[in-house]
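Order of writing sets the chain letters: A, B, C, D and E. Residues in each chain are counted from 1.
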Amino acid sequence: MLLILLLVIPLVTGLASFAFRKTPAVKTWALIGALATLVVAALSFCGIKESIPEANYNWLPSLGANFSLQGSVMALLMTLLTAIVFPLVFIAQWNKDIEQPSRFYGLMLLAQSGLMGVFLANDLLLFYFFWELALIPVYFLAGQWGGKDRIKTSFKFFVYTFLGSLLMLAGLIYLYIQTPNGSFDYNTILATGASLPIASQGTLFILFFIAFGIKMPIFPLHSWQASAYEQTLTPVTIVLSALMVKMGLFGVMKWLYPVFPHVDEQFYNIIMILALIGILYGSLLAIVQTDIKRLVAYSSLAHVGLMIMGIFAQTENATNGVITQMFNHGITITGLWLVVDMIERRYQTRDLASLGGLAGAAPKMTIALVVITFSSIALPLTNGFVGEFLLFLGIFESTNPNHITFMVLAGLGIILGAIYMLNMVQKVAYGEQKSLVIADMSLNEKISIYIILIVIVVLGVYPNLLLQVL
Amino acid sequence: MNIHDIIFWILSLWAIVCAIFVVVSRNPVNSVLFLIATFFAISGHYILMNAQFLAIVNIIVYAGAIMVLFLFVIMLMNLNTDTEPQKSRLVHFAALISAGSLLLVILSAFRYANLTQVPITDAGDIGLIKVLGKTLFEHYVLPFELSSVLFLAAMVGAMVIGRKEVVEEKTK
Amino acid sequence: MPIQSYLFLSFSLFAIGVMGVLMRRNAIVIFMCIELMLNAVNLLLVAFSKLHGDAGAQVFVFFIMVVAAAEVAVGLAIIVMMFRKVNSVDINILNRLKN
Amino acid sequence: MTQLVYLIPLFPLIGFLLNGLFWKSMPKKLAGIIGSVAILASFCVALGIFFEVKSGGVPDKGIVHIFNFISVGKFSVPFAFLVDQLSAMFLLIITGIGFLIHLYSTAYMHDDAGYTKYFAYLNLFVFFMLLLVLGANYVVMFIGWEGVGLASYLLIGFWYKNKEYTNASKKAFIMNRIGDLGFLVGLMLTIYNFGTASYHEFFGQLSGGIGTMTDTGYMIGTGMTNAIAICFFIGAMGKSAQIPLYTWLPDAMAGPTPVSALIHAATMVTAGIYMIARSNALFNLAPMAQNMIAIIGLATVLLAASIAIKQNDIKKVLAYSTVSQLGYMFLALGVGAYVGSLFHVMTHAFFKALLFLGSGSVIHAMSGEQDMRKMGGLGKHMPITKFTFLIGCLAIAGLPGFSGFFSKDEILAAAYAKNPMYYYFALLGALMTAYYMFRAYFYTFSGSFRGTEAQKHHLHESPAAMTIPLIILAVLSVIGGYVGLPEVIGEHLNVGHLLNEYLSPVVQNFDVHHLSHSTEWTLMAVATALIVIMIIIAKAVTKKEQFKEATGLAKVLENKWYIDEVYDFLIVKPMAWIAKILNNVIELKGIDAGVNGVGQLVQWGSTRLKNLQSGQVGSYLFAMVIGIIIIFAIGIFGLFYA
Amino acid sequence: MKPLIATAVFAILMMFAALTVKEKKSLTNFAAILMLGLIGLNIWELADYNHLLANAQAAPDLFAKMLRVDNYALWFNVLMTACSFLYILLTGRSIEKVGVHVGEYYSLHFFILCGVFLLSTYNNLLILFLGIEILSIPQYILAGSDKRNLKSSEAALKYFLMGAFSTGILLMGIVLLYGAMGTFDIHGFNFYATGTLSVMGIVGVMFMLVALGFKVSAAPMHFWTPDVYDGSPTPFTAFMATIVKVSVFFAFMRLFMEGFANIDPYWKVLLLGVITGLTLLIGNITAVYQQSVKRMLAYSSIAQAGFMMFVVIGSNAMAMKGMIVYAVAYTIATLGIFGVLLKLKDYTYDGFNGLAKKHPFLALVATICLMSLAGIPLTAGFFAKWFVIAAALEQAYTFWLVVFALVMAAVSLFYYFKVIMAMYFKQGDPELVSEITTLDKVVMTVIICAIIVFGIAPDMLLSWI
């Protein structure tokens, strides 16, 4: 029941949001909806230790597709992340005017509903449904609000991801055809996938992977990312980078890797290498970016690269690391975007060269920036550490013949990460104050940022809070 | 080679030559006339195959009614001169090549078909009116009715298309 | 007569019809060439009718003629309509609709 | 008492939180008091623990479990502390010297706007440093390890408005990260091969020696031990500023001077030595790594000392001196003289903290001036500083009777025993040390004042909060050495090597040959004589007080062998270049353009294909017929040949 | 049988009404009422047939096996009639503006529906031929019915010439098949039993393929489509592009499923694959270039035909479902977008600029319809694509073709979303030609609701088969 609520609350509140005319009302309504979702998500997450919640309803009997949801640990963790991020974004957004707020909040909540569905669906067709459902509102969000190139970039993003989804659709239907009596049920899919000839598994694997790979994104399918992040409004950027990226990783963990267990090991190897290239490439590119949003975008490419490597390392530690890191990265990147947004709004520019002196003008914001930055470069006692640690360990323990090389080269990412992140901090926070009227965080911004900081530190100091449920 | 064959070849030659003239003659009226000639040759073939009824219908309906309609329209439009602007030589050549290749491609399929040993059976009376009439009204009654629907549609259409629009005239 | 003689003849007429369609610019002549194609079909149909000893094929020829007549009615009406507007039956004059 | 060990890091943490969270409303005085008292409290607890450890009354092998840090699947790392002789000793050094430096800072930083912030950072540093030495496994050590890097970053960049300073802090953090990667890889190798990160379990498995099986079923071989040891050593290189990762440390002098004293002289930089000494069981099984450590240590000694000779910034001299002294410690580790190394850590902590604080006192008096060329004759104005600084110099130069003498002698002797060549080079380094330290001393305190009038007017002795730590440290610099009397002296006084005895349950020298008494006496005498000569030379050189444009080798030395430039040329520039290429060529012109190119291809194809739709029905028919022909051809081909 | 007769009768009734009723609006209302009656008759027929089946009687042998009636075809007829009803409600106002012969236009629509019913139930190539002609000839006329507009005449001429040409090809195909099989009954075809004549049958199949491909505007026989759709009066374009087209597809699929069931699958996929691939490529790629939304929709209909070709390739049980779902999804979505288009003055993309702000309802309808055409989940278009792809994949050798098709579906976003972008993200002041009436709103609401409902539960469409 809780699972259904997780889907329905954002859906209903989202649809209802469209009807509002007055800005404050819709803001409040959307926040109430998001908070209600958070409560439900938290409740269902708390219950995880007792049993895995499931829900099953008939949907399309003729196709063998059911409306079935399953709240596995990973799924509930991701829904929790989704449920946390949205209210935070809404709170941080509270005192900012936005055109056509009812549409904005409505679409945001619809996107949330779609994301919840992606994480909870236990039926392949349903999964695909939500996969797209999450995309559409985000496309509209990205196209309607943002920078001046937003129409182009959002469309590029949309076509890119949609192409991936369509390729997945081809694989999905092929897989469905192979099921003994036409079913999308997770277990049936698992059994069918495993029973296919190796070559077919390989082809399907590639098709699915392209879809997930674009969403993550993995090098060289990432080219939508930087421009999309750059042009979108920050709340949308957050949805894109903190949550939609996780859709790809989640998809691989639930729907790709277990479904085609017998594909050529070479695929894993290639993906690991691509992810590795992504780490180094993203990091190096982040170093030379002059636009702060692009910098964070490329850093995201690097971070996700490590998670991808973790998935394909095929070890228990790596898998746990990925799940942990998915959550933690979501929190951290949300914080980072929120701070970046505050900086952008105050300086009216994203050009790193024109920023500076934040530490003198807005010390609280600077503290937030520094803490989040260090979380992002995985300093121990921040939430970023434990996930990366488990990932490195998992990659190291992998049976892949190149496991040590992989781990060491991926480790270069933490060095490069320090370089670009500290560069950013230096350019933003340090130096002489560039502008005199830089206000520190307002109350609503404080609330959301402090919550993030608390999560960062608590999960950094006591990561077992999260790990014990895995 | 019996007389049957000889007539076949003469009729065939006749039909093909006239058909070519339909295509190449510059004056549309000539084309019409050659087409009628072709139809006659084809009717000849029908008779050769003992399908007298069709042969007659072909001459009456096709060569008679339909072609006259054509002729009528041509005359009406005063097109009975060879004023038609010619397509370039290249287009002619291309048309020839295309049609030739089409023929070639189809015939190449039959190269492997091994059809040579199939003669036309000498079944006598299927082309007679009596047989045809029975077939038509027993088995083909639905198409028969439908053809009337088709005619109705064509009639309505020809009227819609042909009639001058009153409104249009008024506005002008 | 072996059936392929009729096949060859019919295909030849058909191909000549196609050639005419491609070669000419006069809409009426093109239409006539199409009629030629139909006749080639009729001829073959009758030949097959003999081959299979089936009167249905000849009835079919009858229907083809009927349809051809209907088409001629509509077709000529359209051509006349066009002639009224542009004073020509040259198909190349009409090229307003294009990309 | 051992169970209360969590209090030791807790106090600084509380201090950090109080100062950090209430930085805005905190009264200045209170901030200093909170910061200092927190450390003092830790020191008291540490003292209690020290005595308990010394008396051997530590329960549970000294492991204090705090909570489960990571526990997932089969992998588990507790957040646990290990109380033993080694950690107790470091606790005392850290909290003891830490307290003195906090005390000193209350005066030194008094006029700074970021006073509260400063103490918060300093407490944070102490907290992480304590975690580093207290951890019962490598993961906790790693937490502290990175944490001190963070604190160091924050403190070096304390004056954030200066770009140079923030660059230095960044450089420090990044170079440390390079080392950290080595540490991390070593840690991974350990966990992979031994299935644990805990010291006890790890060393327990190692105790079987080469050829035995680990718990996870791998055979312990020299390849494995060398690999792990070298990785750990790379970590130590970064933290303890060894070649090639030492360049951050001189730059780190950008931070406030007490910070340099605490972090970049006394405590954090010795973390590498602590780590290797802690892992002695591993390094004993890794001869190749040991040789590497010795050679790199020695090379660092010489390189840093040679650079220090021509430095004019008083803090830079001390910084290179620190690098050089750290080199000695690694040399000692490399030759297996773990106790000697730790001994030197301790004495170095005393006298180098003293020297830094002394220099801080000077700088304080000079209103921030650090260039020795602008100083001179300061001894008249600030006698306490002068006197304590002199003691520090004597100690670091290694004159008999001072602490540096004993510790350095132990290292030199061990080096000689291992390989006389080590000894010669190490001695050369010691001579240079004596030269540059006294050069600095004479430049600063004797002769006539070379600064501006304003500065001269301002010259004064520092307040008590600054001089008291100086005096305490001066005393320690003198007496600190007596805990490790060399055998040749100790046997006459019937006193053993106290430190050796104390540490023996945890750390024992490995494979260190004993020299004959005569050899040892000879070595000491030669060294002492040469050092005295060097001091005289230094006096003579500094008399002239001329600062010419340096040429030749001197210029190279002044420019630090151009190492920074070489790094810049070999690493920083190429990386930036590659990144630029990647950004401008691969990303924008390659991948991005490729993706956009697909879109453009569609558009292009669209403009091509639209020409098919010419508007002429004749061409449509043509195209259609040709299409039909092709389809037929394919169909027939497919029928017969496929 | 009842609806078939009714179409002819209603057509004649409309003709008489045209003579007596001068009020154009009444003619539209009358046509709508007749269409409603036709829906009723269709449902009656369906119920009757089920009654027969329930009483365990064999399917009636209609007209010497000229027709073959089953649930599936009847349900299809019901749906198509319902769509035609929506079509009349949506476009009636615009039809009235095309010309003076409003009654005749409706009459021709009923004739076309007669052809539709024939094509859905034919069992004999002669009926197929007649059905196609009954379907086509009124279309030639409707294309040219706007006589004030030279483009309309041009469209009619082009359509007619090419259509007549394709008739010749169709007949050649029928004849060759007859020559090979000795029968016109599609159930009598057996490609293995014909021995030496089998090649002739195969060539006949190719001719049929080309001719039917022409009618459904599959490349390279698609050339008429953009010009005719563009030139014809917009409401009639909507009819041609939707109901007519899917009906021919229905016939096409039945021909391959029942008539050509036992031809070599590899050969079938090869040949159909080439056509499908080409159709998808040309339809999608060329549509990107277009400036006019109407013309873009013409190319889009080519592209959609490429997808519908999959039901022909598949020719299996899944294809039958796919046919229905695709037919409905495609038809209502296209009708919806044409409905919006008819309201606008400017058919270019710029004409849509800023529509979301000025007429959010129209923009919403257009968006949902376009999304459905693009095949985005939660719209009927998704399941349409889903079923046809599933149908194709059940057939061997089609995998890469499907992948190609889906890549092309991504290309389709370029032109579908261009409209959405214009409506939502761009500024502009679109003008309407007429007010949005309550009827329009109701019909459009029905359309978008249908799209979404079928997008969630396509089973509703399949319950009758």
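Here is the rule we use: a residue touches a chain if its C-beta (ideal position, glycine included) is under 8 Å from a C-beta of that chain, and two chains touch if they have at least 3 such contacts.
As the structure is a prediction and not an experimental result, all values here were calculated from the model.
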Shortest path length from chain B to chain D (each step joins two touching chains): 1
Chain nearest the overall C-alpha centroid of the shown protein atoms: A
Interface with the most contact pairs, given as the two chains involved: B-C
Farthest-lying chain, centroid of Cα atoms versus that of chain B: D
Most remote chain, CA-based centroid, reference being chain E: D
Euclidean distance of C-alpha centroids - chain C vs chain E, Å: 26
Intercentroid distance (Cα basis), chain C paired with chain A, Å: 64
Separation of mean Cα positions, chain C and chain B [Å, integer]: 6
Centre-of-Cα separation between chain E and chain A, whole angstrom: 42
Touching two or more other chains - residues of chain E: 126, 130, 133, 137, 140-141, 144, 147, 156-158, 161, 165, 199, 202-203, 226-227, 286, 289, 414
Overlap residues in chain D, where contacts from two or more other chains coincide: 599, 610, 613, 615, 617-618, 621-622, 625-626, 628, 632, 636, 639
Of all residues in chain A, the ones touching two or more other chains: 159
Set of all touching chain pairs, with the criterion as stated earlier: A-D, A-E, B-C, B-D, B-E, C-D, C-E, D-E
Chain A to chain E touching residues, read off their complex: 59-63, 128-129, 131-133, 136, 140, 143-144, 150-151, 155, 158-159, 162-163, 166-167, 169-170, 173-174, 176-177, 203, 207
Chain D - residues contacting chain E, complex: 599, 602-603, 605-607, 609-610, 612-613, 615, 617, 620-621, 623-624, 626-628, 630-632, 634-636, 638-639, 642
Complex contact set, residues of chain E against chain D: 157-158, 161-162, 165, 169, 199, 202-203, 206, 209-210, 214, 219-221, 223-224, 226-227, 264, 266-267, 270-271, 274-275, 278, 282, 285-289, 411, 414
Chain B-facing residues of chain C, complex: 1-9, 11-20, 22-26, 28-29, 31-33, 35-36, 39, 42-43, 46-47, 49-51, 53-56, 58-59, 61-63, 65-74, 76-81, 83, 89-90, 92
Residue ranges of chain B in contact with chain E within the complex: 106, 109-110, 112-115, 117-118, 138-143, 146-147, 149-150, 152-154, 156-161, 163, 165-168
